[in-house]
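One chain, chain A, links the two complexes that follow: it is found with chain B in the first and with chain C in the second.
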Partner chain A sequence: MNLFPFGKAALSIFVLTLLAGLWLVAQPAPHKTTTLTYWTFAKPHYEAYQKALPAFEKAHPGVTVDLELVSNTALASRLQAALLANVDVPDLCEVEIGQAGSLFRGPQKDIGFSDLTDRLMQTDASHPVSLYNQMVKARFSPYTSRGRIYGLPHDVHPIQLAYRRDLFAKLGIDPNSLKTWDEFVAAGRRVTVPGERYMIQFSDSDAGLGMEACLLQRGGGYFDPQGHCIMDNETAVQAMHWYVPLVAGKHPIGKDIGGVSSQFLTQAVENGYLLCMLCPDWRCKLIEEDMPRLKGKMALMDLPAAAPGGPVTSTWGGTMLGITKHCKNQELAWELAKYFYTDPAQLEERYRTLEIIPPFKGAWNLPVFQEPHPYWQDQKIGARYIALGPQVPFQYTSPAIVTAKNKLSEAMVACIQYYNIHGETGFEPFIRARLGRSANEVRALLNRDPY
Partner chain B sequence: MSTTTVVNPSVQSETGSPRWFTLQHKLAPYLFVAPFLLIFLTFGLWPIVKSLILAFYATNGPKSNVFVGWNNFRFLFADQSFHRAVWNTVVYAFWSVVLQLPLALGLAMLLNQSWLRGRNFLRLAFFAPNLLGQVFVGVLFSVLFVPQYGLVNRALHALIPGFALDTEWLTNPAWVMPALVLTSLWMYVGFNMIYFLAALQAVDQDQYEAAMMDGANGWQQFRAVTLPGIRPVAVFVLVTATIGSFQLFELPYIMLNNSGGPDNSGLTIVSYLYMNGFMTGDLGYASAVGWVLALGLLAVSLLQMRATGTWKEGKV
Partner chain C sequence: MRPQRRTSLSRALIVILLLVSAVVALTPLVWLVAATTKGPDDLFHYTFFAPRFSAQNYHDLFTKVPFLRYLTNSLFVTGATVIVQLFFSSLAGFALAKYEFVGKKVVMVIMLTTLLIPGQVVMAPLYEQLYHLGLVDTRLGLIIPGAVSVFGIFLFRQSILQVPDELLQAARLDGCSEFRIYWDIVMPVTRPMIGAFCLISFMAAWNNFLWPQILLHHDDKFTLPIALNQMIGIYGNQYGMLMAGTLVSVLPVAILFLVLQREFVAGLTAGAVKG
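This part shows the complex of A and B:
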């Protein structure tokens, strides 16, 4: 003790520190047997893949796949940080469509995902048609940067309208007569009672819940194939001019309550506060689970066309699967990606679980898509979505996609505020100027990029 | 400390190494400080220095950095979204501090009264919201603020005739800031109340007696005795509440669903920093935002200390 003249407390701390350090050093490093690490943010995907993995591992002896469920919000920042620092990067990762573009920043050589273009275009004697040509081409656009494809699309996500069949009948609305948005809006004006009942769930604050789908349906978007910002072009101006009076002014027919899925939305639809919702295929399952009491009272109809003969769908949401450059076994990762995304047995099983149609057209003739669904008044919902698949619009991306989406919402809110005060007076020039301002801010951001 | 500096001659003779003992004695303080210093330098100072360097680069990961000089700062000062974030943060900080501190002081004075029954329970009840994480509070209030079915609208609709059930607290730009301020009031009033309570209990009771003997009424006692007595704590609370308000992030992040809210009405400086750094991956620009925030906070704190006279007296 005399060798340590600083007191017992200090000695205790010192000894404890030493012991803790020795204990840590003595811990054997965990023996890692994982061959591939796979991140997904969607719990239904995770559960479906969990069921499918044993067959893949059996077919590839010695291979183990570590499937991780990471929350979407955490995934974006975790993946971003992992790719930036090249630490703990997964081998394969599913990324939500709205965030994919921001992962394609910088010089192409520094993009964290492997370029899948050559693999997708590859043909040989046993595969005369390339995988690229077997899939819905529009779905590659959000995962393409400077002409190269970095993600395999998981879905197509065409939109239909989910509506309260019973209330439509009660209110005398024939869904077959609503072929165009003009007809839909006219019916909506007739049945909407402000504060009590609205024709459709449309947001007046988030362009992602309504406006964006309408813009895409009209052939607009945020960026062109070269990555130039186009959110102030004539299509966008006209889409905004059409959309704003639906959620603002004296006769709105749209209202948002409860977002995509919540008990409040359930209550609003069950109470007849909302009659219709935009319904991409992924939302069918949510509606069925959130609103079981509406079984048989709901039905799907095509999206009204912007103009007679125009597309009767749009798209909302999406997921890509990327293989990171960090992955040491690219071939095996590609095998797993194809197994999950193109194997008919997998897609059939997954459709039963998620009701999401695959972009792999080779699977579209599976009998499962022809099955009638009791919740939706025995409609063959799979077949309906597949029929709309080829019409799904392209949506090009850019590293500034997050900002662009934000700016469109900002512009929309400004236009709504203007319309609430001034109505149609000077509205179109205002829209033009406001969208121009938002687009210029996005352009300024893109111009900053020195790469 | 004196016990550690006494040299025990028997030790020297027993070990026979007085030099080792002297060396050990000289090195010991550094060895004790070393773990903290090492951790601070690695995880504190180096990131600060690195962020300053990054602020002058366009970044895309450690491999591709391009020196852009003052471009990040130039862009920042012309960036509409940044202007909006600064304005929102200042408005939030102003209302938070202006409402929070008087409320906290009032509560503290009330709960300092010996005649109040159940005051220990009330102290705990007012402090309790602070025990919850901001994320939890954010989730809770985003449910409370839902239009049509949310508890806040239901209660206000019942209390105030004409208050619309459809009031959109989190989706109407005009209501977003009041929603954030109300949420933070619920969370932090009790926390600041504890500081004031401690300060009030430290005020010399003799001064109150003297004031009463001089005929001072309640307001005069408050101005002449209470306020000067709690001033150092009040300045501390003011400065920390302001700094905390400027660092607002979790509440809007959760309540506005990982966005700046409608028309960016809930975008704060730290949210904007996070979006750029971790969603867009532009660490250089995010670093520039961080440095502007740090310098802004320093300036505000100095101003506050100067305005309250604390700087001059050197009391903090």
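This part shows the complex of A and C:
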């Protein structure tokens, strides 16, 4: 009888498999039984928590925490499936802001996350100020559904403008004089040379890269606190009317090239094709790593206000931590959540690694935030972001948030097409009608949900 | 124009066209190789090669992340999937090609119909099933669902149909068992198809992304596509390492193809010309 009749090809694969199997048997991964399971989708969080866990486990004898790094693209669908089927549900889970709303679908009693509202509001003799009041309140809004809070915010993510300080000086632009968007646009019109140089990175196809931040800064958004769609209200119409001529028509000052991080973007900024970018705190590290040659040539400035005296920031991105109802030890999970999200040592380490400021105001006086940063011409970037923290706008969510974001982009593209052909003629009625259509599609989706 | 001149001209045009196509096809690969040889300062500054060569990305790949483990996980899972799939698919193909039984046509129709169902549709129930079997976050959970391939069964059935029945009958007269007929007679005869199947199946399992991404939770079990995807983060991308890892992950498939290309081509063209 033939020992292996499948030929050389299969035999070589078989031998390779055997060798790989033997290597894996010889190098077993450490296995431990766990008290809590914690899912995160961000590798830097995972690495930071891995460093921090031994201290927590030491302070809680007998407790072991299993940290799992789950891909962000798989997390929401996997978590949703796990919660519905009640299989393989983690005890604690970090969720990206854009996906959080979709996890609050259905009757409140059926939401898979524990209601944290009472815990957050709790005060006692040793804690006279509730945790809710020690955090940036606006950051609870994306994780609130029908008045109840289901997530602890990981971050604040205020936006500043990152700009080419050397080129601004060369072009005679004083960043201190750009207090409002009108002043910024006027300066932009002066220095923009179509095809050669643009004032700011603004997208004409993805509302998430420009339009959304401007809408939030003006007090608009996708939903109101009750979850009603408001993306066609007067604020949204005016924001769209203001934004579209910046990226379309005969004198655009905004252009998107390369998204958030890419070779195209790096070269565009290095070559002076783009002068400014929206820069939430998480993007600082990204810029430093992607554009190392611009060290000392970049600086941060406040976002121009929509109107004099208005907020000089907006917000972009975020993460929440939720405790699932499946968790058997809710108290311990809450302890761990507080340890990761409010312990000053953890927050200092997080800032050093990611340059992200925490929403926990009790940590804002840490010396680390006052350190000058050489990449940004010794600006104290931590302190700058912290100063903007209280101005960060509220952004309410809904199970239809993903659809709403897509519909805003669709409406924006349609408005840009209209503006390119017709200019200002009939533009505002068109915006009103187009945003209305998008909002109605979102409302129709919400109405299909009987809850 | 003389016919010989016309032939030379058309040949030159074809060569130019092929050269242009080759440049278009190879540019991303050259970009990838170039990216792996650039340090962090040069990575985005130069479109292709930088004046300074750097092996930093390869060094980081094998020191900062457990890349060898990812590579071994991929080799094990892929190899095991191919071997298991090869055995069951060829066995089922043999039965469908050489045995007559009630419901054979129905079985074939049902089998082929399953090819029309997108894999994503069955992922949720499959996940639940594997969870109850305790196979979530295990390598076995990656291998078992891929143990039988309808495509493979169909491929082997078509190939084994070419094997003369007289050969099988002669073996039976000599007292050969049915399994031995499959093992000692049918398989050696269908070897070219096995080579082609191994390569196709290896590539599919090696590049499998969605299912391992859903099933695996701990990085000590991650396969290469999942590990590489983890280098794309929300706060930053380890582009240099990602490119180096991508290049290294392409190598096993490329080597396998070079080694097996004769069998692969023979398998694909077997039966194409009837004698």
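What we mean here is this: the second predicted complex is superposed on the first by the 419 of 451 C-alpha atoms of A that agree within 3 Å, B and C clash if a C-alpha of one lies under 4 Å from a C-alpha of the other, contacts with A are read in each partner's own complex, and residues count from 1 in each chain.
The working rule: contacts are C-beta pairs under 8 Å (C-beta built on N, C-alpha and C of every residue); 3 or more make two chains touch, one makes a residue touch a chain.
Fair warning: this is a prediction, and the values are worked out from it, not measured in the lab.
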| item | value |
| --- | --- |
| Chain B versus chain C as contact partner of A:Pro399, first or second or both or neither | first |
| Touching partner for A:Cys214 - first (chain B), second (chain C), both, neither | neither |
| First, second, both or neither for A:Pro5, with chain B first and chain C second | both |
| Contacts of A:Asp110 with chain B and chain C, given as first, second, both or neither | first |
| First (chain B), second (chain C), both or neither touched by A:Gln267 | both |
| Touching partner for A:Asp256 - first (chain B), second (chain C), both, neither | first |
| Touching partner for A:Ala81 - first (chain B), second (chain C), both, neither | both |
| First, second, both or neither for A:Ala444, with chain B first and chain C second | first |
| Chain B versus chain C as contact partner of A:Ser71, first or second or both or neither | second |
| Chain A residues contacted in one complex by chain B, in the other by chain C | 2, 5-7, 10, 17, 73, 77, 81, 85, 262-263, 267 |
| Chain B-touching residues of chain A, taken from the complex the two chains share | 2-3, 5-7, 10, 17, 73, 76-77, 80-81, 83-86, 99, 102-103, 105-107, 110, 112, 195, 203-206, 255-259, 262-264, 267-268, 273, 399-400, 402-403, 406, 409-410, 413-414, 417, 437, 441, 444, 448-451 |
| In the complex, chain B residues that touch chain A | 3-4, 6, 8, 10-11, 14-15, 25, 28, 32, 35, 58, 60-64, 66, 68, 71, 75, 78-81, 146-150, 164-166, 168, 171-173, 257-264, 275, 278-283, 285 |
| List of chain A residues in touch with chain C within their complex | 1-2, 5-10, 12-14, 16-17, 19-21, 23-24, 27, 29, 39, 41-44, 68-74, 77-78, 81, 85, 87-88, 96, 261-263, 266-267, 270, 282, 285-286, 289-293, 317, 354, 356 |
| In the complex, chain C residues that touch chain A | 40-41, 43-45, 47, 69, 72-73, 75-76, 79-80, 82-83, 86, 90, 124, 127-128, 131-132, 136, 180, 183-184, 187-188, 191, 194-195, 198-199, 202, 213-214, 217-221, 226, 229-231, 233-237, 256, 259-260, 263 |
